[in-house]
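Following: one structure in C-alpha cells, then a few remarks.
Should a chain be cited, it is by its letter among A, B, C, D, E and F, assigned in written order, with residues numbered from 1 in that chain.
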Amino acid sequence: MSLTKMAYKFLPEKRSLNGEEMLPHWALRNFGLSGDTMVSFIGDFKVPPERWIDLNSIMHGNNLPDREMLHFVVEHFGCPLQEAVLRQYVLISILEEKLLHRIKVNGHRLTRLGDDLFDGENRLSVTAAGSTLVSAKIHVGVFTKTPGEGFHGIEDYRVNPEELAEVVMCQYGAEMRRLAEKAWRVKPIL
Amino acid sequence: MSLTKMAYKFLPEKRSLNGEEMLPHWALRNFGLSGDTMVSFIGDFKVPPERWIDLNSIMHGNNLPDREMLHFVVEHFGCPLQEAVLRQYVLISILEEKLLHRIKVNGHRLTRLGDDLFDGENRLSVTAAGSTLVSAKIHVGVFTKTPGEGFHGIEDYRVNPEELAEVVMCQYGAEMRRLAEKAWRVKPIL
Amino acid sequence: MSLTKMAYKFLPEKRSLNGEEMLPHWALRNFGLSGDTMVSFIGDFKVPPERWIDLNSIMHGNNLPDREMLHFVVEHFGCPLQEAVLRQYVLISILEEKLLHRIKVNGHRLTRLGDDLFDGENRLSVTAAGSTLVSAKIHVGVFTKTPGEGFHGIEDYRVNPEELAEVVMCQYGAEMRRLAEKAWRVKPIL
Amino acid sequence: MSLTKMAYKFLPEKRSLNGEEMLPHWALRNFGLSGDTMVSFIGDFKVPPERWIDLNSIMHGNNLPDREMLHFVVEHFGCPLQEAVLRQYVLISILEEKLLHRIKVNGHRLTRLGDDLFDGENRLSVTAAGSTLVSAKIHVGVFTKTPGEGFHGIEDYRVNPEELAEVVMCQYGAEMRRLAEKAWRVKPIL
Amino acid sequence: MSLTKMAYKFLPEKRSLNGEEMLPHWALRNFGLSGDTMVSFIGDFKVPPERWIDLNSIMHGNNLPDREMLHFVVEHFGCPLQEAVLRQYVLISILEEKLLHRIKVNGHRLTRLGDDLFDGENRLSVTAAGSTLVSAKIHVGVFTKTPGEGFHGIEDYRVNPEELAEVVMCQYGAEMRRLAEKAWRVKPIL
Amino acid sequence: MSLTKMAYKFLPEKRSLNGEEMLPHWALRNFGLSGDTMVSFIGDFKVPPERWIDLNSIMHGNNLPDREMLHFVVEHFGCPLQEAVLRQYVLISILEEKLLHRIKVNGHRLTRLGDDLFDGENRLSVTAAGSTLVSAKIHVGVFTKTPGEGFHGIEDYRVNPEELAEVVMCQYGAEMRRLAEKAWRVKPIL
C-alpha cells in the first residue's frame, strides 16, 4: 500500500519560539526530520515583530503577552499558500476537538473565531501560516498558563501540554494521510 | 476592498438527488448561479451506483437507505482535487458545529469519524468530493428523518433542515472568504 | 452572484516612484488595500538601477529621463509570471485605447510596439512585470510632460492624467472581472 | 537563442466550421501541425448547439446567421483556462488592430465590446475559448460578407480575408513568442 | 521519517493487455492497490487502435506483432503530463540497465533510441504515457519471445521475465522515492 | 513546426565554479543566453559551503577535493523542483551513456548510484538541483584529473572534456525537446 507519513517529534526541553522555526528545513537542520514534518515544544513566545508574517498583526499591533505556550511548527513541501491555510484550519480544528475532550472543568466555553480559540472572551491561541520558496509553514501556539486578562491557559483546564501535543500531532498526521488517500480513489467526473 | 463571494441558494421545492448535481456548471445551468456556488435542497438520495464517484463505496458497496436528506452541492472553479478534499473537511466541520449548537436533546453524542458524522453508532451523513475538467464538486447529505437502524436523522433533534441549510451555507461562504483573504496578507518567508 | 473586485485608488498627492512599489503587499501596507489591487499616482521616476527588474534594461541601459509620469502599480495574488505578462498586455492595451479616445490633436500617431506606446518615433511609456513569492506585480508609467527628444508626454494631448487614471483603473478592473467570469461558464471539451 | 515558434497554416480550400476543430490535436491529426498551432480558413459557421462551449450562448441562445466567416483555430498545450482567456484577448486585440489598419471606407467605427468586434451596432465576430484535458483551444470567426441586419462583414471594408489571416497569424505568433521571452529576463522580486 | 512508497505487484497469471489498463484506478479496481502503483504481468499485446494514445502510432501505423510481452503499468496521481514523460524516461532507463546486467550472450548490443530499446536494428519494447483527469499513466512492454524480423525478445538473452519484473519494479519504486526525498532537502536559491 | 531549443555554450576559458552560477539568469547576464540554457566549462570547484544547496552535504559535510572539473550549469524557466530533479536524472543518465561510449580502457566499471557516477568505489561526479523564484537550476561536475583516493577523473579514460561537453549538451537539448514534443501528441485518457 502507498504510504504518506509525516515525521513528528515532541521536544522535551523547553525553548523559546524566536521565529527561525518558520524558515524552510528548520526541522531537518535541527532534528534531522525529513519531508513533511511537525515539531512541538513548550516555551515563551519571543518572535520579534520583524519576523511576524501576518501583516494584520504587523500593521495593527498584537499585544501578545510574552508568555509560555505549547507550540506546533508544521512544514509541508510543495504546498501552495491557499492549501496551507486550509491545512491550518484542519490543525486548529483538531486542537479544538482534543481540548474539548480534555476539559473537565465546568463553565468553560471553548469556541473558534476564525483561526483563534477562545474561552468566552479570553484568547487561548495564536497562529500563522506562510510560504517559503520550497514549502509552506504553519505555527500554532496555545498558552500553557493564563498570562493575564483577556487570555486563558490550558493548564487551568488541567490539561497536560505534552500529552495534548502527542495526540494533536498524531491526529494531524492521520488526517493529512486520510485526506491524501481520498484523492487516490475518486473517479473523474466527465 | 477586494471581495470573493460565493453564490448560494436554498431550493424550497423538494427534489431527489440523482447524481447530475455533480456535473460541472449544474448550478449555472439550472439556477443561473455563476462562479463558486453552493446549493441546498431536501429530497431522497437516488444516485445510481454508476454515478457514485468514491471507489470505496463502489467497490465495497454502500448500504445507504434510499431516504430523505438535506443536501449541499458545492462547486469551486480552478480548484485542484487535493484542495477540494480540504474544503470538504471545512464544510463537514461547519455542519458538525452548527448541529451541535442546535441539539437540545440530551444523550446525543455527535462525533466526526473521517468525513462522516455519527450519533454514537448511528450515521447521520454521506459525502463525496471529485474533480471535473474545470472545477471541483462537493456533496454532503444529512438524513432528515431517521431512516432505520444504524442511521440517525436530524429532525429527531428538532433541527429545522431549512434553517440549518441557511446557516451552514452562510458560514461556509464566510469561511471560504476568510481563508482566501488570509493568503492576501501573509509576508513571504525568505 | 459571485464577485471578484479589484481594489483601486488614485493617490492625490504627488510622490516619486522609487521601486518599493514593486514589493509584495505595498498597497496593503501603505493604503490598506487588500487582495488584487491597483494604485495610481503622479510623480518622478526615481527607481535606482539595482531595483529595475527587467534584465534587458539592466544589461543594455535605459536612458529614461528622470521626469514626471502617471504611474500604475498592480498586484495580483497567486498569479504565475506567464499570466502576469498577459495581464500587463491587457493593461497597456486599455491605456492605448483610452488615450486614443482622448487625443483631439491632429497629426498624432499612437502605436504600441511590444509593451511600449509611441507617438511616431517618440516613446510615451515604460513598463515592467515581475514575480514575488506570493504575487505578481505590474508597473506602467506614462510621461505627463514631454521630457525631451525621443519622448512624448500626454499633457501635450490635453489629456488630464487624473481622469485618465480613473478610467484606466476602472476599465482594467472590469476587464479582469470579465475574464475571470468567462472561465466560470465554459463547458469542458471532452 | 531559445525559440518558441507556433506552427500556423492557412487552408486554401473553403470548409465549414463544425465544432470538431475544438477537439484536442485537431491540427495535428488533420494537417500534421505539432505543438502550439494556429489554423485559419474560410467557410460557414455550422457548429450544432450541442458543440457550443460557452454556456452563455447555450442558455440564452445565439441567433448567429449561418454564413461565411474567416476562422482562426488556436491550440496551446499545457495552458490553464484562465491563461487561455487572456491569450484570446490578445488574439482579438490583434484582429481589431489589423482590421483598423485595413479599413479605408469612411464612416466605419470599429470597437471591441468584451470579446466581440462591432461596427457601430453591427457585430463582426464570434469567439470561444475552452479547455481540453491536454490543451486550451480558442476560436475566433469574423464574417466575410455582411450576413444581414445587426451584423457586418469585412469584405464591405474591401479587406482580403486571406491576407488578413496571414498577418493576424504572423502577429499572434510573434506576440506569443515575445510574451514567453519576457518571462525569461525578469529578476525575482525579493 | 517521511515515507512515500509505491504499491507494486506482479500478476502470476498471464493476461492480454487490452488498453483498459490505462484507465484511472485500474490497479485499485482490480487488485486493491491504492495510491501510486505499478503492476506487471505477461501476455499478448491486444490493444485495439482506438485505445492507442500516442497519435504518432495512430497516424503512421504501428506494425506491432501481436505477441507476448512483459508489461509494466504505472499510475501516478496528481502528476502533470510533462512530469509523466520524465518518469517514463526513468522507467525505460531502469529497464535498460537491468537488462544489460542480465545479458550473458555475446554479440548483443542494447541501445535506447528515444523511448524504445533496440538490439542492433531489432526493437525490444513499446511504451506510452498519458494523462487522465486525476493521474498520469505509463505503459512499457518488452517482448518475451522474439516475435519475428525486426524485433527481439528477452528470453533469447535467457532473462527470466518474472525476475526482471520484480527488480525493475523494486528499483523504480526506490528511484521515485529517492527523487521525492531530494526535493525535501534543497535550500531555496535566493 | 513548433520548436523548443535550449541555448547552449561551451566556455573555452577555464574558470572556477564559485556558486554564483546557480543564481537565476546567470547565463543571460554573463553570456547573453536567453530562455532555457546550458553552459559548460572547465575549472576548480570553489563553492563556499554557505552556497551549497543540498542540505545533505551541508549537514554531513562533503569532503570534496578542490580540484578541476568539467561543469554543466542548466537553467529551466517555469520548472517546478520535482520536475527539475527528474531533468537532473536525465542529464546524469546522458553523461553516463556518453562516458561509457568513450571509455576504451579495460577494467573500468562505470555505475550510477543515485545521482553520482562511480568507477568501482571511486566517485567521478557531484551534482545539485534547486529552485529560484523564476526557474530551476541544475549543476553537474565531473573530475577531469583524478584528484586523489576515492575519486576518479575522466582524463584517465582518455576522454576529451571539451568534446564530451559538446555531445552531452547536444544530447540533453535533443532529449528535452523530444520529451516536450511527446506531450503534444498524447490523446487524453477519458
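Criterion: a residue touches a chain if its C-beta (ideal position, glycine included) is under 8 Å from a C-beta of that chain, and two chains touch if they have at least 3 such contacts.
The shown structure was predicted, so the numbers you read here are calculated from the model rather than taken from an experiment.
Asks: How many steps does it take, at the fewest, to get from subunit A to subunit D if each step moves to a chain that touches the one before?
Replies: 2
Asks: When the contact pairs of A-E are compared by residue number, which of B-C, C-D or A-C has over half in common?
Replies: Residue-number overlap above half with A-E among B-C, C-D or A-C: B-C.
Asks: Enter the angle, 0 to 180° in steps of 5, of the rotation superposing CA atoms of subunit A on those of subunit C.
Replies: So the angle, rounded to a multiple of 5, is 120 degrees.
Asks: Same or different: at the subunit A/subunit F interface, is the fraction of residue numbers used by both copies above or below half?
Replies: Under half of the interface numbering overlaps between copies: different.
Asks: Indicate the whole-number Å distance between the mean C-alpha point of subunit B and the mean C-alpha point of subunit F.
Replies: 50
Asks: Just the number, please: Cα centre separation of subunit B and subunit D in whole Å.
Replies: Roughly 40 Å separates the two chain centres.
Asks: How far is the middle of subunit D from the middle of subunit F, if each middle is the mean of its Cα atoms, in Å?
Replies: Averaging C-alpha atoms per chain gives centres 42 Å apart.
Asks: Which residue numbers or ranges of subunit E touch two or more of the other chains?
Replies: 24-25, 28, 55, 78, 81-82, 131-134, 183, 185-190
Asks: Is the way these chains touch best called a line, a ring, a star, complete, or other?
Replies: other
Asks: According to the definition of touch, which chains form touching pairs?
Replies: All touching pairs, sorted by chain label, are A-B, A-C, A-E, A-F, B-C, B-D, B-E, C-D, C-F, D-E, D-F, E-F.
Asks: State the interface residues of subunit D toward subunit F in the complex, per the touch definition above.
Replies: Residue list for subunit D touching subunit F: 1-7, 24-25, 28, 33-37, 77-78, 132-134, 181, 183-190.
Asks: For subunit F, which residues count as touching subunit E in their complex?
Replies: Interface residues on subunit F, with respect to subunit E: 22-24, 52-56, 58, 81-83, 85-87, 89-90, 93, 114-115, 128-133, 137, 175, 178-180, 182-183, 185-190.
Asks: Mind pulling up the subunit E residues that touch subunit D in the complex?
Replies: Against subunit D, subunit E makes touches at 55, 59, 80-82, 131-133, 190.
Asks: Taking the complex as given, what residues does subunit C use to touch subunit A?
Replies: Per the touch definition, subunit C meets subunit A at residues 25, 28-29, 78, 133-134, 188, 190.
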